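In this document, chain identifiers A, B, C, D, E and F correspond to the written order of the chains, with residue numbering beginning at 1 in each.
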Amino acid sequence: MTGPIVVINPNSNQAVTDGLDHALAGFRGAARIECVTLAEGPFGIESQRHVDQVALPLSALIETRPDAAAFVIACYSDPGIDLCRATAKVPVFGIQESGVLTALARGDRFGIFAIAEASIPRHLRYMRRMGVDHRLAGERALNMSVDESARGEGTLARLTEVGQDLIGDGADVLILGCAGMARHRVPLQAALKRPVIDPTQAAVAMAMGAVLA
Amino acid sequence: MTGPIVVINPNSNQAVTDGLDHALAGFRGAARIECVTLAEGPFGIESQRHVDQVALPLSALIETRPDAAAFVIACYSDPGIDLCRATAKVPVFGIQESGVLTALARGDRFGIFAIAEASIPRHLRYMRRMGVDHRLAGERALNMSVDESARGEGTLARLTEVGQDLIGDGADVLILGCAGMARHRVPLQAALKRPVIDPTQAAVAMAMGAVLA
Amino acid sequence: MTGPIVVINPNSNQAVTDGLDHALAGFRGAARIECVTLAEGPFGIESQRHVDQVALPLSALIETRPDAAAFVIACYSDPGIDLCRATAKVPVFGIQESGVLTALARGDRFGIFAIAEASIPRHLRYMRRMGVDHRLAGERALNMSVDESARGEGTLARLTEVGQDLIGDGADVLILGCAGMARHRVPLQAALKRPVIDPTQAAVAMAMGAVLA
Amino acid sequence: MTGPIVVINPNSNQAVTDGLDHALAGFRGAARIECVTLAEGPFGIESQRHVDQVALPLSALIETRPDAAAFVIACYSDPGIDLCRATAKVPVFGIQESGVLTALARGDRFGIFAIAEASIPRHLRYMRRMGVDHRLAGERALNMSVDESARGEGTLARLTEVGQDLIGDGADVLILGCAGMARHRVPLQAALKRPVIDPTQAAVAMAMGAVLA
Amino acid sequence: MTGPIVVINPNSNQAVTDGLDHALAGFRGAARIECVTLAEGPFGIESQRHVDQVALPLSALIETRPDAAAFVIACYSDPGIDLCRATAKVPVFGIQESGVLTALARGDRFGIFAIAEASIPRHLRYMRRMGVDHRLAGERALNMSVDESARGEGTLARLTEVGQDLIGDGADVLILGCAGMARHRVPLQAALKRPVIDPTQAAVAMAMGAVLA
Amino acid sequence: MTGPIVVINPNSNQAVTDGLDHALAGFRGAARIECVTLAEGPFGIESQRHVDQVALPLSALIETRPDAAAFVIACYSDPGIDLCRATAKVPVFGIQESGVLTALARGDRFGIFAIAEASIPRHLRYMRRMGVDHRLAGERALNMSVDESARGEGTLARLTEVGQDLIGDGADVLILGCAGMARHRVPLQAALKRPVIDPTQAAVAMAMGAVLA
């Protein structure tokens, strides 16, 4: 396949897109990976309204990219995933789905770092829909702003602390429940001595499996 | 990471290893992938005894490769997976587990092509252990020898016929339940108009996700 | 409570709204029930795109009705249900969810009449999210147009025939998987000798439970 | 339909029946609702023996009411539900079943107030039979006598306290696990800021859906 | 332990009790086993009413036997099981529960021979309550009278034929869903080449495990 | 049946075999029971490697005993269970599987005493494979050596303490998760006032059911 894997950041914050681009650098040898910003997206996807409002724009963006070999929707709520799949003629991966499925290959029970308390029920409904919620050990909120979580010096310390709680809940593998925390993956893995999954990397890896084979 | 992804063929048939090597050619840009044969393996893994007898040799092979960044056990019965994970200091992927998890990102209910009737209950127990058997639409045997399935001209026709039955069972994504049928993936996908998963490719993609990030 | 139960037809076909109004006549003694049309809706909701495109307009309509005691979204795909619940300060009922839950009180395993084959996977994902798919005996498509299904003389005969198949699948209670087939409920019940659930009536009954008490 | 919905209090305490009658006042506009006492019942249903001893008398009572359009068995243990269904020619609703199903339309994970510790395992078996126990956040006992729970001034305070614990368990909707606590529903809902389900009201609403349509 | 295992036939047909006595002859070396008839039982337990009407008499009988080391309720509907457990100070085993659990140790998916079509939904509810219905391959009715099934020459032929259907459903172990078919177990096992479980023998074995240890 | 039930201790510690022999004394009236040691086994089975290394020797031992009527693999990890079943022409029981299934007939939710923390994930995977993990209340480690657990005076006190925690987790029946703690069963049962299952006794009882009938 010659087309790129198009990773769509459904929010309009270009800094997040740039972060995705950086986090995927290691994957670039075998496949072309292009990170794009959904101009119509909100600055951050933090509510059910944000989730629902990007479905149609995501689908529209997909229609402008007939050259893509696969798409990744890079927001942990997997907004518009069903519509994007109905629209695209190529595989579409959601990062929550890919992150959770990948975690199931790395441990028995997974734990999730959520940015905000409010998104936990939304994630739980989605995991029930996947039929894998019985392997969830726990999900806990960092209670930081997205901005803070992506940059703040205190983030790794907070992740480590919440990660210990998730391990106490029974988790033996952990998922960063947000598109923008990839840079904490390796140090957090070292601190917790457990695999840590960045969901965008997980989705891109699955996309590579679909398009390179 | 600089070490290779080591894909182990747990049977001693070098032709199968060569086939794996060929099937993974597309993945070679971003990661080093090395396919090795388990010298102590039986010529084919066709029974529970074969499954159990390779566990310790697989673990021993893993100990000889401290340079590996990840391992893939390339037999659809995922032999020795628990021991290999206890042995290795790096991630270990089984191709059944990876193939099934990947299928869950490509469709709602999956169907499986088994080589032989006798392996179906073994696979079912394993999927129950994963906790995803409720998304299985059906598994059907090709009733061909492994040899035949890898080479025979009639194989694609047989796969297409059984694939139609699996679609009739409710499957919207299909898994090749064997390490040696990758070359049928693309034509079968075209014939059935449904995604077809090669489990070794799925496992290697997951391994890339773990080591490249 | 003094406000009305507002039943929203998310498509723009006023005839469907009128049909809902007629089907709910029997409920009017104890509660005010108002059936409204979503002007921005498509003429019929027949695809994932239709489902996604009405979410925001439904939410907007809800905001214009602070007087409502409860809302019912009268389309079997339960479009925009999560957003409507996030928007409304009063209970919101989806007719698929209410229809399925009500069926669980009337039989052990339920069967569903879908209008079109294409909506079956969408329904299945939603039932998995509810966690009740293990009590589904089967869902079968009528393969009629919505228009035909609502009016055609042949509809009852077709429902009876498909209903027999669903009973053969193990169903002891049946759900009309569409907002517009209420008038077939009583004769179909007589023909099949099994309870038949109209999902809009089921949702309105639940809404009455929430607001009258 | 012209017959009444007959709500049967399976214990012989007329005060409980009168309480039911009062709690259902709001439903009387659209349907006739008649609350009756099972003369043969124990004064309260507090043990497995009580549950089993009312099954045949309930069935006998049902046979004396060929005029009924539906029955509601108003005890949270749903005593004799299978026999009553085999006996009646019209729909029969149990309040536990109806209460739990209704809760599933109001929240993601439900919590239950039990009167006594001893009934919790009985309820759990019944929810497993329904196949919805995986959505139970928790059940906690008030550890009050039925009498106290129905009248005592401290009851609302106790319910509020236990309700906070259930919310801590993950519940976002709560069920009063007894036929006699309806009068606490509205104030408790206000105190906890979560929907509270009275199971008898839930069952009568479902019965209305079955008979009015 | 010195008391007997008391096996109660909840119907009043002494010939069934004698049959149980005969079927348990092989177990008599290590434990005293006493088979008794519930005088108050119906001649056969064939309906939900029969199931419910024996609960209290079974409990009363249990109270007359303080010498028993354990009880077995020898009817496949496990009538009164919860009450008998609440009454007895020693373990009580139901034959459906014991038969199904034992089957899970002998195969992956079990099939059941029911005497009559009408009891299948009752059994299914009970297996859901146990939480093991996902391992059920199928249940099929013999459609013979109990009398016929216990004696008739055609019974083995009929069992063999239905057994082949159950194997076709995916069953690799079979359960005789009735207390009176033990004498067909060994020949049926030979005919089907699959383990066949007599549920009374399974329950008595479990009872021996509880009392001999 | 005339052959013995052969109980195999898969570790090479003869004292454990003697303990099994002692624990099964009560079962000897009705069946011959022979306890044998797997000479090739490790001194104790404490890791995944130990589990995997005994599979082939267990199968070989089984082949030397064509006289056996049934086999019991007396290690709580059920090592080699699939291979032993493929090898033997008679029933094979694993003690974890038998212990858990037996517990399901004695209570609603079971708790498990593990010897070591490290075996808990292994047990959990196996219970998921059985499909009964949803009835697990909890598993807690004694954190004693096997040696200590079998003899030490403090063992009963430690079991009682951990048992109280398991009851706090919701367990109403408890399983000794090891082949060597049978002698604590009766006193522990008295201390905790809950049924306690010795898994080897449970497996031998099931084996008796299979061979005596």
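Keep this in mind: a residue touches a chain if its C-beta (ideal position, glycine included) is under 8 Å from a C-beta of that chain, and two chains touch if they have at least 3 such contacts.
As the structure is a prediction and not an experimental result, all values here were calculated from the model.
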Third chains touching both subunit F and subunit A: B, D
Neighbouring chains shared between subunit C and subunit E, ordered by label: B, D
Chain at maximum distance from subunit E, centres defined as averaged CA atoms: A
Selected from C-E, A-C or A-F, interface repeating B-F by over half of its contact pairs: A-C
Longest centre-to-centre distance from subunit B, chain (CA-based): D
Shared interface numbering between subunit D and subunit C [over half = same, under half = different]: same
Approximate Å spacing (C-alpha centroids) for the pair subunit A, subunit D: 43
Between subunit F and subunit E, distance of the C-alpha-averaged centres to the nearest whole Å: 26
Separation of subunit D from subunit E, taking each centre as the mean of its C-alpha atoms, in whole Å: 33
Two or more partner chains touched - positions in subunit B: 125, 130-131, 134
Chain pairs in mutual contact under the definition given at the outset: A-B, A-C, A-D, A-F, B-C, B-E, B-F, C-D, C-E, D-E, D-F, E-F
In the complex with subunit F, residue positions of subunit B that touch it: 47-49, 51-53, 55-56, 59, 80, 82-83, 85-87, 122, 125-126, 128-131
Subunit C - residues contacting subunit B, complex: 121, 124-125, 133-134
Residue ranges of subunit D in contact with subunit C within the complex: 23, 26-31, 91, 93-94, 97-98, 101-102, 104-106, 130-132, 134-135, 182, 185, 195, 198, 201-202, 204-206, 208-210, 212-213
Subunit D - residues contacting subunit A, complex: 108-109, 134, 172
